[in-house]
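Would you mind keeping the following structure in view while I ask a few things?
Each chain carries a letter (A, B and C) given by its place in the written order, and its residues are counted from 1.
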Amino acid sequence: MIASIFASRILNDLLGGITAGVVIGLVALSLVLIWQSTHVLNFAQGAMAMFATYIGMTQLDHHLNYWVCALISVAAGFVLGGATERVLVRPLYGKADINPIVVMVGFLSLLEAIAAAIWSGTPRFIDPPFSSIFFQSDGAPTGLSPFALFQIIAAISVMAATALLFRFTKLGLQLRASALAPEVARLLGVRVNRLLTLGWALSTAVGAVAAVIISTGDTGLYPANMETVFIAGFIAAAIGGLESPGGALLAGVVIGVVMQFVNDYFNSGYAGFVGVILLIVSLLIRPQGLFTKNAQRRV
Amino acid sequence: MIGVQNLSVSFGAVQALRGVSFQAQTGSITAVLGANGAGKTTLLRTISGLIKPASGDVTFDEKTITNEPTEDIARMGVAHVPEGRGVIAEFTVEENLRLGALASKVNIAEGLERQYAQFPVLGQRRKQFAATLSGGERQMLAMGRALIANPKVLLLDEPSLGLAPLVTAELMGTIKQLCAEQSLTVLLVEQNAKSALRIADHAVVLHVGAVVADDAAAAVAADTRLRQYYLGLNEQ
Amino acid sequence: MNFLRQNTTTRRLVVTVSSIVALMGLTFVVPPITNSTLTRGAAIVIAILGLNFLTGWSGQVSIGHAGFMAFGAFGTAILLKHFSSLPIAATMLLATALSALAGLLVGIPATRLSGPYLAGMTLAFGAAVPPLIQNLSSLTGGPAGLQLETIPTAPSWLRSLRHDTTSLITVNAQWLAMFSLLVVGVAVMLMSNLHASRTGRAMRLVRDNDVAAELVGLNLPRTRVLAFTISAAYAGLAGSLMAFTKGSVSPQDFLVGLSITILSLMVLGGIGTISGAILGGVIYAYSDNFLSWLTNSTGIDPYSNLGSNLKTIFFGGLLIVTMLTAPRGISGLISKVFAKVRTSR
């Protein structure tokens, strides 16, 4: 009896952790996409995704369907990402590391403040399109709800689609070439500048998918609602290796599960610190990231 | 036909090119020779728009392309195989070749077949990562990738660098053959003057950024003074 | 040569001491609100000096300095709770040391990173500190934080110097300003010596060129850890001064927003310069006045959504524009103007 309650609690945490983890993985993927193409760590990524989600989800006020609003959010992310690359990031290529960091940190606080100015800081709750009541198994909740299942499937689909795009399409080949060897790509007629813009647009659209998922349900949509998951996503990306999308996803799930267990068995106040410690330990073991193949990385 | 008129390029205080002018004729090989640091790489990079000159012009078939972006120059049919070959090591052989074809209108499958016929070793290794290729194979991959888009002009920056003499001889033969078959305009930058002069129709010699000779390849090869002072070729 | 160096050290000392003395003189005549403004800016100057040491002089960036400030502030409050008889200077030094220790622990793994990785890690650290403090409530007072057991109050000599009619609040505000000025003076003095020292030169070498630094035989990791530790110590001192002058500490005072504010002020003032840090502190101290002027003159309701976020919008935008157009900040602009004036003459 006791054992079964215990087992059910572990299962609950595991499933809850995976649900949170795939979203962390999405955020990490979005960071990796930008890092690979432009070697900028986008500190404003969470805020940009949040802002795009506001643009889409406030259309619920005009009686638009949830899915239409979600689509608008992702499209807004795409446009915002591309515009950001053109206006803010392009002048920074080739500058010292600190310049893009400072600009993106400034953009982060600017976007959060603008969102609060337009839509107020009070959370806005968005009804999930599927029930968020846990499935039952033998009369006990499983830690997995229809909405959570949707969340997992959506996140994995986005990641798979991104991987396919990069691996098997002409566009993907050009995107990878622009990231790996921009000068060679230009000599072959690839319009590298456009592709960098597209890279930012795609990445921010992926981030917006994560933000839509996070804002739906009990967390709510508010200007700072991506901060925690952004940090977790960064940690996942750094642990998995900023060069490795698959590694980022896996690390995201691991972090999601670990934090869920910390929340449940200790205290949610420690989750952030556990994340930092995970990051430190993994960097000490393997500074190039746990899942990168090539040993050399410019850190 | 591709040419430069009065081309000058500076990097800060260093003047890499000083009023360089010459023409490379269609269907011929023009060797660009000179010691290390003479400005050969700078010349090719300026032609393909990677470097913008302080003054002077680059012309391609009577059209001034000095201020065109690199991508557009490439799309006009100027293929540049950079120093060090520029093969993308993380890509497979076939991905490298595909990349070369994407910006042009050629049919990719046909283009691949053509290059595999020209360079059979690439066909054998099509699924291998370029990182696993030898120096000679990489040079072939770089050339195949440039040729797949059916360019009119081929800029080659020290293709023989790091290759064994036999491989170099074979490579030079291929360049000569391709130039004739496809009536390419080839600009062949080399420090290895001997090999280059063997296949070139015309030769330009650069010395600290200035042209010191611009003549038929045979005439340059026969000029004792040039051989001794600028080309490092001993009389033996 | 040696004489010259000594000479510049002496000159620095004279300049700093005389400006601090002059400012202290001013505290007698300015209204109490100006003294409070001075006090508020002082702690920020020290925090910026610390971040500056890391960023400006070693090329690393931290977006988590508020975390180190929290160590200094809570260290101070906790020490006062348990050892209230400790002299203020000793409490400050111990709190600073605590923060330096935290900096050392974060700095060791951080040496394996550079640029964006390091910035991301400091962000994760800075964001993790406030929730941690909230959950160690038996030690830290939880979400409400702690009231300080003792705060600096004006000594009798100062009270007797002022007119009898001057209220105690006014004299205390003046005393806190004098106290803050003293701490800032010491911090600036130490920093400018550090800048001129072998270590300071080593840091700049690390910033400008990793390879050159290795070539001259610098121990890179150790230099980086040292930079991180010193930087965290300054942040801790700033936190401690903040605790003393506010009289209370709360985890809400040390959110990531403060780290971003410090970073912004450093960039606005001018990265890598002491004058930039001081300018940053002045901007911080007067930002609320500027904001009320802005809301007044534009007619924006300061309590509206827009009004309450105007400050962040303004400074966020200014930060981006500064980095894109004048990355060396105000002090960079000033020295540019001076250079122009000099050459045109």
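Quick note on the criterion: contacts are C-beta pairs under 8 Å (C-beta built on N, C-alpha and C of every residue); 3 or more make two chains touch, one makes a residue touch a chain.
Here the structure is a predicted model, which means the values were calculated and not measured.
Colleague: Name the graph shape formed by the protein chains and their touching pairs; answer line, ring, star, complete or other.
Modeller: line
Colleague: If you take the mean of the Cα atoms for each chain, which one ends up farthest from chain A?
Modeller: Looking at centroid distances, B is the chain farthest away.
Colleague: Just the number, please: Cα centre separation of chain A and chain C in whole Å.
Modeller: Measuring from centre to centre gives 33 Å for this pair.
Colleague: Determine the centre-to-centre distance between chain A and chain B, using the mean Cα coordinates as centres, and give it in whole Å.
Modeller: The mean C-alpha positions of chain A and chain B differ by 44 Å.
Colleague: Between chain B and chain C, what is the gap in Å from one C-alpha centre to the other?
Modeller: The separation of the two C-alpha centroids amounts to 57 Å.
Colleague: Could you list the positions in chain B whose residues touch two or more of the other chains?
Modeller: In chain B, no residue touches two or more other chains.
Colleague: Quick check on chain C: which residues sit in contact with 2+ other chains?
Modeller: none
Colleague: For chain C, which residues are in contact with chain A within the complex?
Modeller: 55, 59, 61, 63, 109, 112-117, 119-121, 123-125, 127-128, 131-132, 134-135, 256-257, 260, 263-264, 267, 271, 305-306, 308-310, 312-313, 315-317, 319-320, 323-324, 327
Colleague: Along chain A, where are the residues that touch chain C in the complex?
Modeller: Of all residues in chain A, those touching chain C are 35, 40-41, 43, 88, 91-92, 95-103, 105-110, 112-114, 116-121, 227-228, 231, 234-235, 238, 242, 267-273, 275-276, 279-280, 283-284, 287, 299.
Colleague: Can you list the residues on chain A that touch chain B in the complex?
Modeller: Within the complex, chain A touches chain B at residues 170, 173-174, 176-177, 180-181, 183-192.
Colleague: For a test of understanding, state which residues of chain B touch chain A in their complex under the given definition.
Modeller: So the residues of chain B touching chain A come out as 48, 50, 69-72, 74-75, 79-80, 82, 86, 88, 90-91, 95, 98-100, 102-104, 145-146, 149.
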